[in-house]
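We just call them A, B, C, D and E in the order they show up, numbering each chain from 1.
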Amino acid sequence: MLPVEELFSNYVAVLIAGIVAFFMVITALIASRLLAPFSEEREKTTTYECGMLPLRRASTNVGNRFYLYAILFIIFDVEAVFIFPWAVSFIGIGPMAYWTMFTFVVILGLGLAYAWKKGALQWR
Amino acid sequence: MTSDENVNSTNEEETSEVEVVDSLEDTIWPLINRVLSSVDVTPERGSIDLITRIPRTDIIRALQILKNNEEVQFNYLRCLTAVDNESEGVDVVYHLYSIPKNINLTVKTNLPVEDKAIGTATEVWEAANWLERETAEMFGIKFNNHPDPRTLLMPEDMTDTFPLLKSHPFAEIEILQGELLGYDRETQGDDE
Amino acid sequence: MSNGIYGIEIAWLDAVIRLHIIVGLMTVVVMGLIYVERKILARFQQRLGPTRTGPAGLLQSVADGLKLVGKEDLRPRNADPWTFELAPYMVFIPVFLGFVIVPFAFGMQVRILELGLIYFVATSSLGIIGWVMAGWGSDNRYAMIGGMRAAAQGISYELPLVLSLISVAMVSESYNLNDIVLSQSTYPNLLWQPLVLVIFIIAGLAELNRTPFDIPVGESEVVGGPFVEYSGIRWSFFFLAEYAALFIMGLIFAAVFMGGWAWPLGEELGRGWQILLVTIKTSLFIFLVFWIRASVPRLRIDQLMSFSWKILLPLAFLQVLINGAVLVYEAPLWILTITGMLGIVVLVRLIERAVRPQPVTNESTVSIGNESVS
Amino acid sequence: MVVESTPGFETQDLLINVGPQHPSTHGVFRMVLEVDGEIVKDLVPHIGYLHRGAEKLCENNDFRQGVGYMDRTEYLASHNAELSYVMAVEALAELEVPERAQWIRMILCELNRLSSHFMFLGAFGVDVGVFGTPFIYAWREREAIIDLFEEISGDRMMYAYFRAGGLAWEVPGNFEERVREVLVSTRQGMKDFDNLLTRNEIFLARTKNVGIISAEDAVELGMSGPTLRASGVSLDIRKAEPYMYYDQIDFDVPVGTNGDVFDRYLVRLKEMEQSVHIIEQCLARLDDGPIMPERMPRMLRLPEDQEIYVRTEAPRGEYGIYLVSKGGNKPWRLKVRSACLSNLQALKKMSVGQYVADAIIILGSIDIVLSEVDR
Amino acid sequence: MRGIVKSLATTMSTFIRGPVTRGYPSKHRELPERDRAFPLLLWDKDIDEPFCTGCHACERACPVECMTVLMKDNPSHESQDGNSKRRKIVDEFWIDYGRCMRCNICVEVCNFEAIAMNNTWSGHETSVYDRSDLVMDLPQLMAQSKSDEIQEWVAD
């Protein structure tokens, strides 16, 4: 185990990585802006619609299935978040920790089974 | 092009008149005649299929009978098209096939030039839908009560000219296209 | 690692230098991967692949890159400017962040993070936002559908991926990639976790949007998906991100399941050998991805979702519980091997059952002969 | 131009325009999908982008010149398209086609069926989502067949090899052994496809119970060919109304039971085996002899007021030629009955209620050739 | 899963079998003798003039009307103290390759075997930037036959 200060100082590298990546994108974009030709033409800036003129705006409603999966995901991702700290420390704590998590997972498993039964996992 | 005398239609004339009456008995004509007893129907001897002519007022009713009658069961519409006979009007031609009985029948009906309208066969077979749309736009035939009377192959706005009519010019469109594509330069080159 | 390379002790400068090495490495590797993928796929399809640029087409990626830089960068006039412009950043940056933790050899990584695996999972799922932004911002139907599909798929396969990594971390008792690799110096994790390996590969393919899970970008349906409206350099960042993600996934696979730079029988190796080992193990994963791409069709969205939620997720949970039981009662690890193998059998059975059409029909679908006339 | 969507919360189905410039429309076909989520609510097909007026052109060209136009109506199975046309002309002109020419025609037509079905398998595999592999497999085998066609007729796609009365010229001397060589590679290709797709779980999941059309609907819509037979109707013109020497040949007609996309795939694959079988029998029956009738007029003229509707079994179904003659050396009216046009009519019926991705593979499973649809 | 494994095995088997394609622009396939690209005019080497007499037979037989032929009196005819037996000879000949549908009919109708389909690779690689460049004139149509680049294949 590393000392706490070093634990966080390592994450400075993550920030730097983000900045490096950002500059990588922006330099490439600037290089392209300088090198690439640009011609203003109305036809070019229409969206690709298989050769036809766009029928209407694309950003309309989204199928409600997607939201349902998003909700399910949040439920189970939270569960995963609880499992994360447990996974590497339960051996030290002992069987009690294991059975606690077991119960938790089983309850969520029942929840999944319920969602399944209710048809939430069915696309239609 | 020079040897026109070799045309091999020597024995055509003899066959047509005499054999029609005899050979019709070998075909499915008796059967069809029985089935379509309520309709005014005249037979003709086709090359491989029997051709029957039905007046246009009766045509859809006749087709219904042909499809639904147990003896013939023409459940398959092979083809629907038209033939432009210039002054004699336009023939609408239905090629029927009976899958259970394995028999063919060609049904023809004549439309006069001035009133090219006929009932729609989509009431009988769904297959007629696109075929009628194509025939309509190509020959200017109006299929009454057609469920989807848009153009099929032609542009949406091309509802006044009918390309497959004999009166429609063959080459004009091509010349027009050629000009659009820059063929006029080539023709100038040819004239040198 | 606190002792920097080249004796540089200042932490941030050290990080900057290491990250710049990564930038170069990533660019070269991605170009190489694109070339290798084209060559390998061509070979699977009995084609030649690129041959015209350079010897054996080696410079193909360079030519592609130059072309992309010099290509006109278009933005549809109905597109949402900010979403559209920011999407490449949002796709590329999270992928690049993933390079912070991946180990290339002992002591060869940007940083050892104590929560390395969690960090990896966190960054890799961030990219989905970029995909949705690209899809939404382009004002294009294909892009929009593609973006939605990418989101649905991304979040659905996130869970099996997370749980498979948790399972491995339970055996190695750490989220620290360095420790995970070191814990495998005798036996690699894949021996104890065969089912998890399969789940990881499947979920990994889905996270990478690779065949058979390439529905967000499916050429024959949504014509490239979220980035259909992107061109030139902006488009190339989606591509770069895709292949960089593939590279990272391969490295994680090597580190987590194959023991990274450690030789299975645990002898100390020189750095060159370690890098070679990591390269081989990574290549294995990448080759498998290419191989699968050349061989299988694409799933449909409902099948894709139900496969994740109904098959992978329960199996992954089960594996976590079994792992826990075995570890907490200190049972021998080979039990895990056996249960894992059983799990794979169950997985295969479930897949085959799922494939069977719902109304059960006659087994011989096509009857030869003339008899069945309607 | 772009129409603003009305503000508010009412549900609005997404209209997706697939084609004419889309990778999987197999040419310039356009369909407008009305989509709710991922489910197709409605489908409107648009055709006509490739309409060249082949029928009108043929009315203005003589019978020899017309052959070239027939090639172009069905560019993936040109031999089969030519066959209907020359058969129609032969029947009206009462030409007796020599035996050898008939056998060679049968071999070429069946080979063309093989090449066309390979094309289907390849394109269909790509529609289902395998990255290119089936396409290249298909191309590999198709290439062998097309090379053979090129050795025989001189062209790779537009053969113009059949003539009213027989064949344009004699086949090369090594014809039989070349056909046998091609059959060997064809078998290998079929095996590769079988291994690659037929039992692949993902492929099964994608194709089984998708795009089902019942036998009654298929007949009602005038579908033909493998697409119809997959629904369980055993209608093969080669069996029902044999032309050429198909009545002397032993072969089966594979029939599907479900009428889904998978059946359409499998029926074609099985049909290819039958084609190989037919070609082998034809090769055994092939004798020396003339390839054109002895008394062949230099300029073909047809009798007056005759008409004929000739139908043959092309790879995609019934390819019919309706030929009306009013004398002279040109047809008065020539109608091409396109199998694809009728099959395509069923697309809407098959696709509504399916997923967007399914609509694509259903279109692929019909195996359309747009130049035949539009003519 | 077993089916997927089978698919993987299939692709692996083709991986081992090796490529079947060629590096096209640098490597050409051998063309069969009968291969037909676009029509060309043939050059009578014995007399050093084209076989073609400009009789318009091909022009009339062409389904797409891509040919234009002009005829003239042969200056090297025997009556003009030449060594040629042809009284008339082709003056100008244009073929629009952009229109030609390569149906071989012009070759079949020719009574002098003066026109043939190009069966070399150069006949297949005729891309141009301008449509009008596809209209070939007499020297262009003769060039390949003059330089012995094509072998004529005549159907029996």
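The working rule: a residue touches a chain if its C-beta (ideal position, glycine included) is under 8 Å from a C-beta of that chain, and two chains touch if they have at least 3 such contacts.
What you see is a predicted model, and the numbers here were worked out from it, not measured in a lab.
K.L.:
So which chains are sitting against chain A and chain D at once?
P.N.:
The common neighbours are C.
K.L.:
Kindly work out which chain lies most centrally, taking the average of its C-alpha atoms as its position.
P.N.:
D
K.L.:
Once you count every C-beta pair in contact for both, which comes out on top, C-E or C-D?
P.N.:
The comparison resolves to C-D.
K.L.:
Mind checking the centre-to-centre distance between chain A and chain B? Centres are C-alpha means, answer in whole Å.
P.N.:
Whole-Å distance between the two chain centres: 62.
K.L.:
Using mean CA coordinates as chain centres, what's the gap between chain A and chain C in Å?
P.N.:
For chain A versus chain C, the centre distance works out to 14 Å.
K.L.:
Just the number, please: Cα centre separation of chain D and chain E in whole Å.
P.N.:
29
K.L.:
Can you list the residues of chain C that touch 2 or more other chains?
P.N.:
Expected reply: 44-47, 78, 141-142, 144, 223, 294-296, 301-302, 351-352, 373-374.
K.L.:
Could you say which residues in chain E touch two or more other chains, in rising order?
P.N.:
Chain E, residues with two or more chain partners: 1-2, 4, 7, 10-11, 14, 20, 61.
K.L.:
Which chain A residues reach two or more other chains?
P.N.:
Residues 49-50, 54, 57-58, 62-63, 65-66, 123-124 of chain A touch two or more partner chains.
K.L.:
Within their complex, state which residues of chain D touch chain E.
P.N.:
Those in contact with chain E are residues 57, 61, 64-69, 72, 133, 137, 140, 143, 147, 150-155, 158, 160, 168-170, 172, 192, 195-204.
K.L.:
Under the stated contact criterion, what part of chain E meets chain D in this complex?
P.N.:
Checking each residue of chain E against chain D gives 1-4, 6-7, 9-11, 13-14, 20, 31-32, 34-36, 61, 63, 101-105, 108, 117, 119, 155-156.
K.L.:
Across the complex, what residues on chain A touch chain D?
P.N.:
49-58, 60-66, 123-124
K.L.:
In the complex formed with chain B, which residues of chain D make contact?
P.N.:
Listed in rising order, the residues are 47-48, 51, 53, 55-56, 59-60, 91-95, 217, 219-222, 233, 235, 240-241, 295, 297-299, 301-304, 306-311, 318, 320, 322, 324, 332-333, 335, 337, 341-342, 344-345, 374-375.
K.L.:
Inside the complex, what are the residues of chain D that reach chain A?
P.N.:
Residue positions touching the partner: 1-5, 11-12, 14-15, 17-22, 25, 30, 32, 36-39, 355.
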